[in-house]
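Shared between the two complexes below is chain A, which has chain B as its partner in the first and chain C in the second.
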Partner chain A sequence: MSSQATHARRSQAPARRALGPARAGHGFVAAYTVLLIAFGIVPTGYAVYFAFTNAGGRFTGLSNFSTALDDFRFGPAVGHVAFYLLCWLVSLVVFVVGLALLLHRMAAGGVSRVLRFLYYVPGALAGAASVMVWLFVLDPTVSPAAFLLRGLGYHTFGQVIAPGHLPILFTLVAFWTGAGGWIVVMYGALNNISPDVLEAARIDGAGAWQTAWRIQIPLLRKWIVYMVILAFAGGTQLFVEPQLLSQASVGVAGRDYSLNQLAYDFAFQNNDVNTAAAISVELLLVGLVVAGVFVARSGFFDAD
Partner chain B sequence: MTVKWRVVGAKTTGRTRRRAGFLAAGGALLLAATAACGGGTGGGSSQGGFHPVKQTGGSLTVWVDSTRLAAAKLYQKQNPSVKMDIVTYDGDANGSNYLRTKVSLFNRTRKGWPDVVFSSQNNEATWAVQDGFTAPLNKGLIPSSTLAGWAKGANDPCTVNGTLYCLRNDLSQTVLWYDAPLMKQWGYQVPKTWEEYQAIGRKVASEHPGYLVGSAGDPWTPEVYMWAGKCGANQITGPKAAKVDTAGPNCTRMASLLDGLIKNKTMSLSSVFSSDFDKNEADKVLMMPGPSWFGGSVFQGTFKTPAHRIAAAPMPQWSGDTAASTGNVGGGTWLLSAHSTNLKAAAAFLTWATTADDYQGKLAPGYPAYAPAAKTWLAQQASSGYYSGDITGTLQAAADQIWPGWGYGQFSQEAVWAATVTPKLTAGKTVTSLLPAWKDAIVNYARADGYQVTQ
Partner chain C sequence: MQTDVLRSAAAAAPRLGLRPGAGGAARPRRTGRLRRNPLPALVLALFAVFFVLPVLWLLLAATKTDDQLVHANPLSFGSWHALRVNWDALTAYQGDAIFQWLGNSAVYASIALAITLCVAVPAGYALAMTEFRGRRTLLVATLVVMLMPNATLVVPLFLEINAVHLIGSMWSIILPYAFYPFGVYLTYIYFSTALPRELLDAARLDGCSEFGVFRRVALPLAAPVVALVGFFSFVANWTNYYLPYVMLPQSNQFPVQVGLGTLLDSVPQFNPTAGSLEVQRPELALATLLAITPVLIVFLFAQRFLVSGMLAGATKD
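And then the complex of A and B:
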């Protein structure tokens, strides 16, 4: 009898323990799901509805998409965003991984801790605020780095923000604001690599370069893919940087620069929310397809 | 115009009312339709088809930019019984489209519109009428005797098919600003023609290098030079029709004039408000064609040019031209919301803000569009002692000489010039070589706003 009771108690206990965390988990997920539906899924559905209808709510097929495609600003905007993405993603992957590896090698000293903090600080500024900082940095008359700009031959703000420079400038701003967080994430991922593996490599005679190239980077692959997917989605949505630059330069640079700005212009300048929605649906599709390709090719969800 | 939009809107409401909430750009049309179909106090078809909403009174919401904040505050002080809710916003400066963005959102949510709005842009009527945001002012809200006081053509940008939808705050007629003592010291005559102006530019380049006869770095460069020079790049021929021609002789000779002066460095390519101009060129201005507000805002405020130096002369003309013409840079407008539940109080404030001597005559920074207030304002300027000589006659004459061949379209000529021409000028191209690109850009932006464009 007593042994039976004990048995019963024993079998009950794990069940109760399992139920607790599950309930908490559901609670957390529920809160997230509510927000996801309210601010993610419903607006997306709304945009899709707009993209396939006209101002009167009638189904129009792909006509909004062709309106966007035929617009004189569409082609250049695609070009701008594509070139910016190329600069931004390459610099992000190369420098973030490189700096994280460097940080990891210096892990012993306090220098690493200080650097990690310094890398992260710009990321703590809100997007718009950091663009404002750059607007000052890039004006040779007031910039603290004026000597650099003058050294490159730029004496006025107008020369610095010449159309050909914009992809590089936006990459600089985006890297400055966004890379720090990723460096910290990569650093954490590097710390996850078992010391035994690194020690084995060292015993086999691998130098710093070989360890990084043959062991650390392959083990970071999933993190890098994750970063690229998010950075790609963020990059295609380029908006704040060109929009603020356009305001600061009184329209000289950055007007109608990105696809998101074009969508904004369609909605609020040309009073055509449907075409604006069509552009945002296109951006969503591109983001999904690219994420899908990356996930499929990298085995992102494969268990280790 | 209104009638046309109503009809379009009426068709849409034929579909169920509930769906209305989901409608996209039709929101604006619908709004006009719902305003027409229900909710109004009636009053028959008063005010030429405009049906005010139920007048429930309440506080008066006023949107102003920081410069016009003084007007709202002074009105509140003089009329403490009026409950006012004063909101400052960017005044749509630099083509920010803040007002338009907000109104289109309010049209969706069907609430939140301000009662009276100031905008530093003069082309707001081009969209605000379509969006059903502005109330007609000359159909009973403001007496025609008051409206007759505005300077000739001042309210043109506010008029759609004969109905007045906004009131002009200030005029920005262009004049030739110059440094009088310096001109005298160097023995130069104030130029009466563009040819003379160009000749002085050449002289300055060789005799006093570093000094400027103008600036072409601002977005309003086409409005100062091309408008005054009668270039037909912005002919608005109907509510949705435009003619764009940048190849005419007036455009090409103005372009080559600018090119010559840019080349010999007497024409700056920096904006007069840029830190670069302020630091390096502000004390090197011999002449500068610019709008009426340059006197107070640029010379006195930004450049801090000492008193008794700056004078104003009429804009140069093409030699042989008999009728004087000048350009115009901006000039704000006041709009009254068609959704206001407090039309009487709103109209009273609007009238006061645009006509009162206490504000327009004595406080306003720009040349008042309301002629009687302009008289007070000019007298005030004359007595301030800042200018060298009397600038009032020049400004007053220029107010009536704004060339009517340049229209007020929905697309911004300033934005087009800034994005298309300015960066290429900075990169060393000439205005002449950019005329075709400038035209293409205007045509593209005009078409994007639904204009029928002839070239």
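And then the complex of A and C:
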């Protein structure tokens, strides 16, 4: 199937669609729509309702939001998440793009395939498993990289997980599990660049750097933006890493570290679901705005 | 959260792969440079070590005693005997708790997967191939929800589920898992790029009902996307931590991810107040291995499309 054929079909699509029976369409999406309403829209509405009312169900305006804001843990949590996001996004962009370019340029087919798979494998340890592994890797007494940790002057687990290190450590964990998937995506995007363009650049005397910097990276821009947007939205939701780390350090490091943890503690430690809902609404708003702007502005989803 | 990254990485990829005729088949062959400049190869190798070393260490850690873990070479093999001892100790923890958790994970992830497939494939098909009122709204809503990290809705979902008194029921996580807009999006992209409309029209002319067209024409052609949706749904559900952590208060209902947290609490090196039920570190490593095994197996089977098959339109490896 050629892309012209696809285009031709697409342009005919509206006319043909109009002929398609509408009732059947509704039948096919009914079950999904029910789930979308039940687990997408209703919880959102419910959170908003809780965020603006008190325990007795009376409207209280923004007081839950100011309770959250005035909490001594709120400011630091925002700071933690912001700094973590900075580290995470910078490392993601630099290394994912860099590695994809290197893989694309250097490695022969088979080697490149194997490397991409190896980079991807830690994705299988997403969630709690990755934290378990990194608890060990960061403990100088058992770590396979103990020489590195000792070389940096850390001799105990406690020294490694000092509060100032946490954004870097969470970045390491997130990068370890998540980067491989993005490398595969970037590599695919690089493959979509016509070889003619690269060939032309080479004939014009462009070296590896120039080709990467002036041709490949600009052509990858859309994908890089996509990656950053999604990693940003995901990063604001930090929860499992600090939560398990705080368990592993008896609350010394990582307790009430992120906004999601704070929402969790308000809801389940303080029995204050209204303030928890207020924090959730703020996080939801970030997620919604980021997703909405991206869908509307990026042209990524203009297949329709 | 990493699951989001994994999921979203995948969200991007099919746009490349499922688009017919995208990109060029020939890839630049620059292997020769490898010999001229060793630095790039070195960087690639270093990152390979970074990604693989912890996994390798984890595999070996399960074969050691706690003492060997500390004193032996981190990358040495312990002994089959130690593995056996770790296995016995781990399975004895709270009387087979680990198997219960693995079983729970399997039940939750597979029921949710089945519902997801039954719901998402027809929905993606309808969005791509039929016209109905509200279609565009539904599509945009799907895209927006798909791009939102799934942890965003956990506390709101708790409030909702609590209101209908389903906290502690397995449906409190299966039903939210089953709502999988990304699956709908994947199917939508697949059908709108890979299924010729003429085929459906031909079936209609032959007297097929709308459901018949879907059942007899579209569905048999949808195997690749069903596999893809199944893969991502299963991995996402299996590795989810936050939702079950909030929804399921009882240990015997935990999926294995949350179970790992319980085990962690019983490791004296990480929690000095751990009581008599203490768990040794190699047992925790073994439990982690067991917890990821299903996903690793799925990864190995899916290896082809994960690394290149998914991008098959672009490369012909």
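Operating definition for what follows: the second predicted complex is superposed on the first by the 246 of 304 C-alpha atoms of A that agree within 3 Å, B and C clash if a C-alpha of one lies under 4 Å from a C-alpha of the other, contacts with A are read in each partner's own complex, and residues count from 1 in each chain.
Quick note on the criterion: contacts are C-beta pairs under 8 Å (C-beta built on N, C-alpha and C of every residue); 3 or more make two chains touch, one makes a residue touch a chain.
Small disclaimer: the values here were computed from a predicted structure and weren't measured.
Colleague: Looking at the overlay, what does A:F72 touch: chain B (first), chain C (second), both, or neither?
Modeller: A:F72: touches chain B, not chain C.
Colleague: In the superposed arrangement, which partner chain does A:L118 touch: chain B (first), chain C (second), both, or neither?
Modeller: Only chain C; A:L118 stays clear of chain B.
Colleague: Contact-wise, after the overlay, does A:F50 reach chain B, chain C, both or neither (first, second, both, neither)?
Modeller: Touch status of A:F50: both partners.
Colleague: Chain B or chain C: which reaches more residues on chain A?
Modeller: Result: the larger residue contact count on chain A belongs to C.
Colleague: So, does A:W213 touch the first partner chain B, the second partner chain C, both, or neither?
Modeller: Neither: A:W213 stays clear of chain B and chain C.
Colleague: Once the structures are superposed on A, label A:A277 by its partner contacts, choosing first (chain B), second (chain C), both or neither.
Modeller: After superposition on chain A, A:A277 lies in contact with both partners, chain B and chain C.
Colleague: After lining up the shared chain so the two structures overlap, which partner does A:S130 touch, if you call chain B first and chain C second: first, second, both or neither?
Modeller: A:S130 sits against chain C, while chain B stays out of touch.
Colleague: In the overlay, answer first, second, both or neither for which of chain B and chain C A:Q247 touches.
Modeller: In the superposed model, A:Q247 contacts both chain B and chain C.
Colleague: Could you say whether A:V142 touches chain B, chain C, both of them, or neither, answering first, second, both or neither?
Modeller: A:V142 sits against chain B and chain C alike.
Colleague: Where does A:G158 make contact in the superposed view: on chain B (first), on chain C (second), on both, or on neither?
Modeller: In the superposition, A:G158 touches chain B alone.
Colleague: Which chain A residues lie in the overlap of the chain B contact set and the chain C contact set?
Modeller: In chain A, positions 50, 139, 141-142, 157, 247, 249-250, 267-268, 273, 277 sit in both the chain B and chain C interfaces.
Colleague: Report the residues of chain A in contact with chain B in the complex, numbered from low to high.
Modeller: 49-50, 53-57, 71-73, 139-142, 155-159, 161-163, 247, 249-253, 255-256, 267-274, 277
Colleague: Going by the contact rule set out above, which residues of chain B touch chain A in the complex?
Modeller: 11-12, 15, 19, 22-26, 28-29, 94-97, 100-101, 104, 127, 130-131, 217-219, 269-271, 274-276, 278-280, 412, 414-415, 418-419, 422-423, 426-427, 444, 448-450
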